[in-house]
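Below you'll find the structures, each written out as structure tokens.
Both complexes below contain subunit A, partnered by subunit B and then by subunit C.
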Partner chain A sequence: MIFDIVITSLIKGSTYAMLAIGFSLIFGVARIVNIAHTAFYMVAAYCIFYTTTQLGFNPILAIFVAVILVSLLGLITFKLLIAPIREHEAAVLIATIALAIALQEVMMILFTGDYRSVPPLVPGFATIMGVKVFYQQLLTFVSVLVVLGLMYLFLQYTRLGLAIRATAQDREVANLMGMNESQVAMLAMGISVGLAGVTGAVLAPLSIVEPHMWNHPLAMMLAVVVLGGLGSIKGSLYAAFILGTAEALVVFMIPAGAYLKGAVALSIMVFVLLVRPAGLFGVQFEEER
Partner chain B sequence: MKTVRSLIIISLVCVLALAVGVPAWGKDTIKIGVIGPMQFVQGKGHWNGAVMAMEEINAAGGVNVGGKKMKIELVQADSNEFLNVTDATNAMELLMTRHRVDFVVGGFRTEAVLAMQDIAMEYEKIFFGAGAAHPELCLRVAQDYDTYKYFFRAAPFNSNFLVRTSFLHLQFVAGILKSQLDLPNIKVAIVAEKAMWADPMVTASEGVIPKFGMEVAGVWRPSPVATDVTAELSAIQRSGAHVIFTIFSSSVGIPFARQAGELKIPAVQVGINVEAQKDGFWEATQGQGNYIFTLNTYARGVEQTELTLPFVNKYVERFGETPTYTADTYSAIRYSLVPAIENAGTLDSDKLVEVIRDQVVKTPTGTIKYMKDEQGRYLHELTWGPGYLLGLGVQWQDGKMAGVWPNKWKAAPEAPEITYKGIVDYKIPPWVVEAYKK
Partner chain C sequence: MLEINDLTVCYDKAMILNGISLRVDEGELVSLVGPNGAGKSTTMRAVSGLVQWEKAQHRGNEGDITIKGTIEFMGHPIHRKPAHKIAEMGLILCPERRRPFKEMTVFENLRAGAYMIKDKKEAEHNLQNVYKLFPILQERSHQLSGTLSGGEQQMLAIGRSLMCNPKLLCIDEPSTGLSPIMRAEVFRKIMEIKAMGITVLLVEQEVSMVFKMTQRNYVLSSGKIIAEGSGEELLKDEVLRKTYLGM
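Entry: the complex of A and B
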């Protein structure tokens, strides 16, 4: 059973990490609490569903199209909806909730509430230490590593990455140093939503495509980023695997309470916050100095 | 001038009073409200069934109400009850107050239908429930007849009968596994979504399965909206279960079937999986839902009465999909309500209740006869059993939903065998055969 728990924890954790990385990025850089993050993931899943089943696109091309479209949607959203109210964090929060619900309703009108699915990029499963694991789940795990690696290289070795890091550390000083803070935030938004699109592409084959598919991942993603420390990508990664392990433990140790796995994970988050209010790796912002 | 103004005001008041207070004046249509979650398959079934009934009745000249021919007019109401019960009660209120319907059919979630039922009863409108299975809906009728007598169950039969039928299916499949795979001791994993309606079924299953000579391998209760159940499936495989007894009405039925199929879990699935009752299941599981067995109401080519195939074939031709049980709004209108109106010669709810509660009618799913409780009180509950309603057991076989039960089934040792026309043999998934064949 120990192997079941370890492998399930890694798989679950990578799923949550995929979602949380993009959310943490935009919060860390621009202090934008984008509640619509998982709604963009839902839109990407529908894009892939539509382009593969209705337009006959190759799955790889469909993913490419979905990520680009969703990134553009993210940029437009930033320009029209978020930028004008950015200084009011509560307003941004409410606006992104409204946006998420609007996206849900649009999908409901376009595709109805019927449950859809998309085929896996890599069909089949492998048996690792007696545990059956989908290739698609392994792909998710690898994707997390690749995304993290690329993010690291991008943030450390590019001028834009430097600007993003500078802005994340101190918006005002970055502005004073001649960086266009607003433009950096917009690009970070584009990258963040693009990551939501990639997440949709990787996770949609493991899920059901339907207009409310963003709700449960949203709760878990928020739990991950709060536990890890708002704005900390490293913290999100650790937190994702902690919550993934908690869920796996519940399913294997208390089968009749499997539905409690989300509640137990959220309780762990609350417990950690009581001990460390800033989360595991909370980022200190300039306002808090 | 003052007199003219007074006359105009009086005239307007009279017109308004006539319009609002005497809606049946000069009326030549019967308005039936069709309420359900219209953005979902269940609501579409409600609507499509009602549309078919309306079209057939109107094409035949309408309903004979005491010598006057009246056409049927449908009013659609989106209850949105999966997401918000308040939306459902608002939709029912609108049917009563704005559209002033004569009758209502539909409803799906028990929680919502209980609330909608109260509203329809308050307005004394006959409401045929075509979706919710909880017995409470009809117990209310027996307990407070004067208030709730306007409610009748149209489909499905109540959850006590649903679980009884599912146990018959479990025994049927276990018998096949025993004989074909030579498994002396069948282990059953009970997997039920965490929902109120499933709780008593889990308790009943834990008590009954050992009496059938089988062993309970464990109980798993995933969330009704879980999208990843691979951990549960790993644990079930570890438990050594040969059969997975499913109790699903929500979306979890799709990932459970799909992931079990993809992972080739060596256990057959039998029980209730509402998602597997729909044509879209095959696509939703990417074909991995093959060999899933579920309780169902209709299957193409399976004849429960002589009315089944004409209905199913016409429905498929008209809407391009197999009807689900919410499409039994068709039977409610076509075989229960309209004959009652024609017999009684009136639209008066009280008089119609007295006719409907005692009438016995043949429908595409069987014969409908409303039950009384042990004290002889009217329940307006559907009678289950041979000669009445039995339901079907269907199995997905290579992209087709095939009827597999009742197949030589006997209600009692001396009772005659029952096999519906169009029933085919149950198939054990090849990976299960491979796992257990000695």
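Entry: the complex of A and C
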């Protein structure tokens, strides 16, 4: 049972980390609170479902197609829906909620509300310490780690990564260094949604694919971001594993705990907001006058 | 090189700059001085495009910003250009309060300053030049910039602005909050920068040291240029000296 909990915490933690980091990225760079973030994750899962089970794509190809399609969708909605109203925070919030619901309804029309499942990309399991660990679980975990590692290298060591970090810290000074803020925002949006897409793609075989599957990850992701500190990527990473573990503990230790999953996120969120509103690693954004 | 003509900036209904005109010629070190709240930083922000950027951010919101008048840099009008384009032309602002990227190391800050330099060799060359001018930055290169002292942060901010070969460097209140020794050090570095052939527009409140460095100065008060001239000329005027220059 302990090993079960560890496996579940690691998988949950790493997927929440991916989601929260993508969410933080676009918030940090462009101050956009993208509520539709996990809806893109849902779209990616459906892409995987459709391309593998209906079109018979090879799983690896399916992942690429899903991530590219979702990133494009993200960029298009950014350009058409979010960019024109970026100055109005409340409008962005409403627009992204509307977008999430619209995506949900589109999936509902295309695929009905039936629960779908996607076969594992790598079938089979290993028995470790008496516990069945599906290769798919390992694959998901490892891909998330690889993507997060690549993300880190990109942000840390490339010119564009530096521009993203600079813009996230101080948009005005980034402008003064010749960084084109709206282009950086576009890039960050692409990466952000791309990360949501990867998460949906590698997680699809482990979850039930249905039009509301973005709700729970959204609550968890927001809780992660609140706990880690809005805008802090490092904070998101730690908080994601803390929350992933908390969720796994509740699910495994408490009878009928699966029904309490949502409560975990909400109670942690409320607790953090009461005790330490800046979160673990709250970033102080340079005050723009 | 820089020519501001009848520039007026209003935030909402408050007129922050009221038709100011000033000029900086190539190779000069010109100062813009005046009391707190005179509009010096707003002038710098308009020149570097930040006021325009702010205006775009507030598009359609309350607190509208209006900008009138013209700003020319090397013969090209820049008052409608976005800030990053102005930077690309070689007009760089080292902003008020230094504003290093606090979560980045000194080295990363300097690399961010060289964002526009795509040639690796050139960026490396500029980095060595900045290290030569500010050896302390090389010593501290792997330290987070948020942990530097005020004086070191100012050196970093200036160093960062030098990374992209500026033609005109505008520096907003580099000496504020520093010890007298550090101030003298910063001003010495600014003289060195001028000697490198970079034109400098320096905003300051502390005039005694600045007037020893400059030939021409502008005095700004309540959004208007109220006097212009050499330090000596300006200090001759009793009223100006006591009321606006605080000496």
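What we mean here is this: the second predicted complex is superposed on the first by the 275 of 289 C-alpha atoms of A that agree within 3 Å, B and C clash if a C-alpha of one lies under 4 Å from a C-alpha of the other, contacts with A are read in each partner's own complex, and residues count from 1 in each chain.
Operating definition for what follows: contacts are C-beta pairs under 8 Å (C-beta built on N, C-alpha and C of every residue); 3 or more make two chains touch, one makes a residue touch a chain.
A quick note: this is a predicted structure, and the numbers were derived from the prediction, not measured.
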| item | value |
| --- | --- |
| Which superposed partner A:P255 touches (first subunit B, second subunit C, both, neither) | first |
| Touched partner set for A:V131, first subunit B, second subunit C, both or neither | first |
| Partner chain(s) touched by A:P119 [first = subunit B, second = subunit C, both, neither] | first |
| Subunit B versus subunit C as contact partner of A:F64, first or second or both or neither | neither |
| Of subunit B and subunit C, the chain that contacts the larger number of subunit A residues | B |
| Footprint overlap on subunit A, comparing subunit B with subunit C | none |
| Subunit C residues touching subunit A - in the complex, by the definition given at the top | 48-50, 53-54, 56-61, 82-84, 87-88, 92-93, 95, 99, 101-104, 108, 111-113, 115-116, 160-161, 164 |
| Contacting residues of subunit B [partner subunit A, same complex] | 37, 39-41, 82-83, 193-194, 218-223, 225-228, 230-235, 237-238, 251, 254-255, 258-259, 262-265, 275, 280, 283-286 |
| Sites on subunit A touched by subunit B in the complex | 1, 4, 8, 11-12, 15, 108, 112-117, 119-120, 123-125, 131-134, 137, 206-208, 210, 212-213, 216, 247-248, 251-252, 255-259, 261-262 |
| Contact set on subunit A toward subunit C in their complex | 87-88, 159, 162-163, 165-166, 169-170, 172-181, 283-284, 286, 288-289 |
